[in-house]
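Following: one structure in structure tokens, then a few remarks.
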Amino acid sequence: IARLTPDLIYDQMIAAGCARKLVFSWAGNPGAGSLHAFRRAVEKGTPKLEIEEYSHFGMVSRLSAGAARLPFWTMRNYMGTDLPVANPLIRTVTCPYTGEVLATVPALNPDVTVVHAQRADAQGNTQIWGLLGVQKEAAFASKRVIVVVEELVDESVIRSDPNRTLIPGMIVEAVVVEPWGAHPSYAQGFYDRDNEFYVAWENISRDPARLEAYLQEFVYGVKDRAEYLKRQPGLQERLVAGQQVSAGVNYGY
Amino acid sequence: MMAAVAARELRDGEVTFVGIGLPNLACNLARALHAPNLILIYESGAVGALPERLPVSIGDPSLVTGSLMVCGMADVFQLFLQNGRIEVGFLGGAQVDRYGNINTTVVGSYDKPAVRLPGSGGAAEIAIHAQRVLIISRLSARAFPEKVDFITSPGHRMKGKSRQELGMPGAGPVKVITDKAILESDPDSGELMVTALYPGVTLEDVKANVGWAIKVRRELRPVVTPPSPEELRLLREVLDPDRLFLKG
Amino acid sequence: IARLTPDLIYDQMIAAGCARKLVFSWAGNPGAGSLHAFRRAVEKGTPKLEIEEYSHFGMVSRLSAGAARLPFWTMRNYMGTDLPVANPLIRTVTCPYTGEVLATVPALNPDVTVVHAQRADAQGNTQIWGLLGVQKEAAFASKRVIVVVEELVDESVIRSDPNRTLIPGMIVEAVVVEPWGAHPSYAQGFYDRDNEFYVAWENISRDPARLEAYLQEFVYGVKDRAEYLKRQPGLQERLVAGQQVSAGVNYGY
Amino acid sequence: MMAAVAARELRDGEVTFVGIGLPNLACNLARALHAPNLILIYESGAVGALPERLPVSIGDPSLVTGSLMVCGMADVFQLFLQNGRIEVGFLGGAQVDRYGNINTTVVGSYDKPAVRLPGSGGAAEIAIHAQRVLIISRLSARAFPEKVDFITSPGHRMKGKSRQELGMPGAGPVKVITDKAILESDPDSGELMVTALYPGVTLEDVKANVGWAIKVRRELRPVVTPPSPEELRLLREVLDPDRLFLKG
């Protein structure tokens, strides 16, 4: 599994033994502490977890190469750092014009990419606003793409604002309509980040027994997202987004 | 206090790459005081952000609402950072060494670490490309070893080579803001040296909390000006009322 | 001067002797014919004009490299074509992972880039919708950027929809407010392409005397854009855009 | 007639890279008939366009309004074309040779051309990357020389090398649709050969309009089915009522 910023969902997957190898650039629980399952795996070897580590720019570039179906991507980066020592896949290339030696990373082409988005139509044409991350690059780099959306919309909604489409349906395998599907993270315009849960994770994840109990109750123990939400009363009221709607623009000619 | 001191380093209108925590507080304090036109860029893609609350994560939705531009991360790193558009980059770190090299990767060996830290994130490339870097870190002998266990973000000398020899565009960590003193890099050797003390802190106190025989600038400014009442009010009442990042 | 698709404005600049060298990938008058001033320059040498030629992908890549401040850009391209023979700046690089030989083009960093956009604020934060071309790459690649807009808007308009911002004010040197500034081309949501003029250009540009007369009347002979428009009565009524306004999206949290 | 014949080559749902003129007519005809889910991509950045009028330029604003996605040109070439997502690419050209190589650059020498043509545009990379390429061009000995003056877009053999030897991802120009006959590439040699004639056209007529001794497929389909009344009605009354691209 690969992500720039593996978060507590990744910590859960590591704890549950679902991850053989993690490819990443920053593994922490922002503002709250550590991913303790990840740390136990790396520091103590339980469970066993291979790691392959880059910086953010390196991970972004790996996906950019994958999305462009090139075998590598070039950066001016890594000189003086120990990252190329820790990871021999960080290499160099010589510019055919200036002779300058530049850093390279190999393409990353995931088997499956899961993208969370605000809305898509039934064909998978997907619109995202707010932070875009590397969603476009990851989707185009991937062999298969699954889109999880807050809202399924008619094709006419997509066509009314084509500049917002980040991922075209032609590369999408499946659309999953799952409101609140990004919790404990957020969906701009739908609901806020559940910061309380990120803080709580510090203590849950520190204690393997509590972590296991959490997985039993909220992962293995729920049959779907609706049940997951029902076990957390007040959550939706607490996090639902306010209204700050942009004006439209004229696509006429 | 570190946030207030860091804020004073920022000039109005500067394009600043912001991390979460104290750097974010410092930037928003500067915006509220002497640098209203500071342009804050978060590596998640928000450019010219005006967060109405203290963002806990660099992926906080409050960074998006009302910002000047939101772009993908490939653009952040290629078009802004590598393009040379970032004037100031803030970095923190578990370890900072004699030459301003930063370690946020591992304590101990890479393969069998005593403590596994989060890793680089964008810190490696910020240290290479930002026109100048400000480090914020609490002073302790553990946090300031002579040599870091792992160079995540390069400072002024790496395995005997200078930034210039290695072809790095930015000027690197020009200042380290700690809770006891300000350290600056010597323009010739690249070594960090003490250049100003906080009120009530002695030079011996600083030296005891640094893992090598740190030099002291000849014309040492004796004390850093403490935070003004206005700086303190903004930090405590407006910017971080829940004390998420402030200790005092 | 450099553009993927030099059009009849470039044909005018060539005819007027303003261009020393043209860097391009497609030089024609789409749907209407040729750029005859360009053809006279290349075929007969009057006026003298150097050319440096790529394909569209090559030109896009040159600007991508320039925008990323890399000295070159990599593509899987040009094998079997005569373009690298005609242009020795098209070279190759060997992938440090697969050993594959790939095509490269050198970075293009224009002295000045002129971008036409629908709107910008006084700081130059610029929003564009509809076709985006290589405007973003060209602006970031350039030493200086001039933005020509249909409409100057308050910063709050820009901030209400930050995903539409393509060019940030920090890289913009000047904003020129010039409604109808793109004519004979178009501005999505403002006015249509003046196809009649593109067709008319075929005959104007074929005859050097008519071309010179055109330049006298509509370029040298007008003091500003307002006068240029006044000399073409009915133009604005004929081309003004219809209304097809998109809905807004919620940026709240 | 060429537009109608080209339209029949398109299968429903295919992702098609469209040029202006006859390819555009062919695609929109196919969409109106047997391929309503054809996805049209224009190199200007419109994906899934539904132009309500016949676009004169690939930068026409009618390509934007109501399309599924509009992206930058770097994305068109890197994420769609080089990524291998384009199933069909349409190309035309002033010259097409024995191996399907196309010239849209110069007639004569490159440095002192008799006729300067517009150049590649996106044609070079479309010829390399599209899963298959369809060429539309009127037949004449001048337009079909044995060897083009300049290879803008590669066909099946370039200076003795095959597409596979040169590492090209796409299958290249599998069919050439002319106004007299259909030519297809021989799977072994890559040479174009006559595979079907238009009604009333003789093989001699075709051979006289080709600049080399063109081969004829053994199982030659004698005639191409002429456009149906419905095809003609759509082309003449709906798609190109002003006869911008249709001749007849």
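Note that the chains take the letters A, B, C and D in the order they are written out, and that residue 1 is the start of every chain.
Just so we're on the same page, a residue touches a chain if its C-beta (ideal position, glycine included) is under 8 Å from a C-beta of that chain, and two chains touch if they have at least 3 such contacts.
What you are looking at is a predicted structure, and each value in this text was computed from that prediction instead of being measured.
Visitor: Where the contacts of chain B and chain C overlap, which chains show up?
Guide: Neighbours common to chain B and chain C are A.
Visitor: By the contact definition above, name the pair with the higher C-beta contact count: A-B or A-D.
Guide: Greater number of contacting C-beta pairs: A-B.
Visitor: Based only on mean CA positions, could you tell me how far chain A sits from chain B in angstrom?
Guide: 26
Visitor: Just curious, how far off is chain D from chain B if you go by their C-alpha centres, in Å?
Guide: 57
Visitor: For chain A and chain D, let me know how many angstrom lie between their CA-based centres, rounded off.
Guide: It comes to 40 Å between the two C-alpha centres.
Visitor: Using Cα averages as centroids, what's the distance between chain A and chain C in whole Å?
Guide: Using C-alpha averages as centres, the distance is 35 Å.
Visitor: Send over the residues of chain D in touch with two or more other chains.
Guide: Within chain D, residues 46, 61, 64-66, 70-71, 82 contact more than one other chain.
Visitor: Residues touching two or more other chains, restricted to chain A: which are they?
Guide: 69-70, 75-76, 100, 129-130, 132, 136, 160, 163, 186, 188, 192-193, 241, 244, 251-253
Visitor: Using the touch rule from the top, collect the residues of chain C that touch chain B in their complex.
Guide: Against chain B, the touching part of chain C is residues 67-70, 125, 136, 140, 155, 158-160, 162-163, 165, 168-171, 251-253.
Visitor: Per the contact definition, I'd like the list of chain D residues that touch chain C in the complex.
Guide: Answer in residue numbers: 20-21, 43-46, 56-61, 63-66, 70-74, 77, 81-82, 101, 105, 110, 113-125, 128-129, 150-154, 158-159, 161, 163, 166-169, 244.
Visitor: For a test of understanding, state which residues of chain B touch chain C in their complex under the given definition.
Guide: Where chain B meets chain C, its residues are 15, 39, 46-48, 50, 61-62, 64-71, 75, 78-79, 82-85.
Visitor: Report the residues of chain C in contact with chain A in the complex, numbered from low to high.
Guide: 69-72, 74-76, 89, 91-98, 100, 102, 104, 106, 118, 129-130, 132, 157, 160-161, 163-164, 186, 188-193, 241-253
Visitor: Show which residues of chain A lie in contact with chain B when the two form their complex.
Guide: Against chain B, the touching part of chain A is residues 4-5, 24-28, 30-32, 34, 38-39, 42-43, 53-57, 60-61, 64, 75-83, 85-86, 100, 129-137, 185-186, 188, 192-193, 195, 198, 241, 244.
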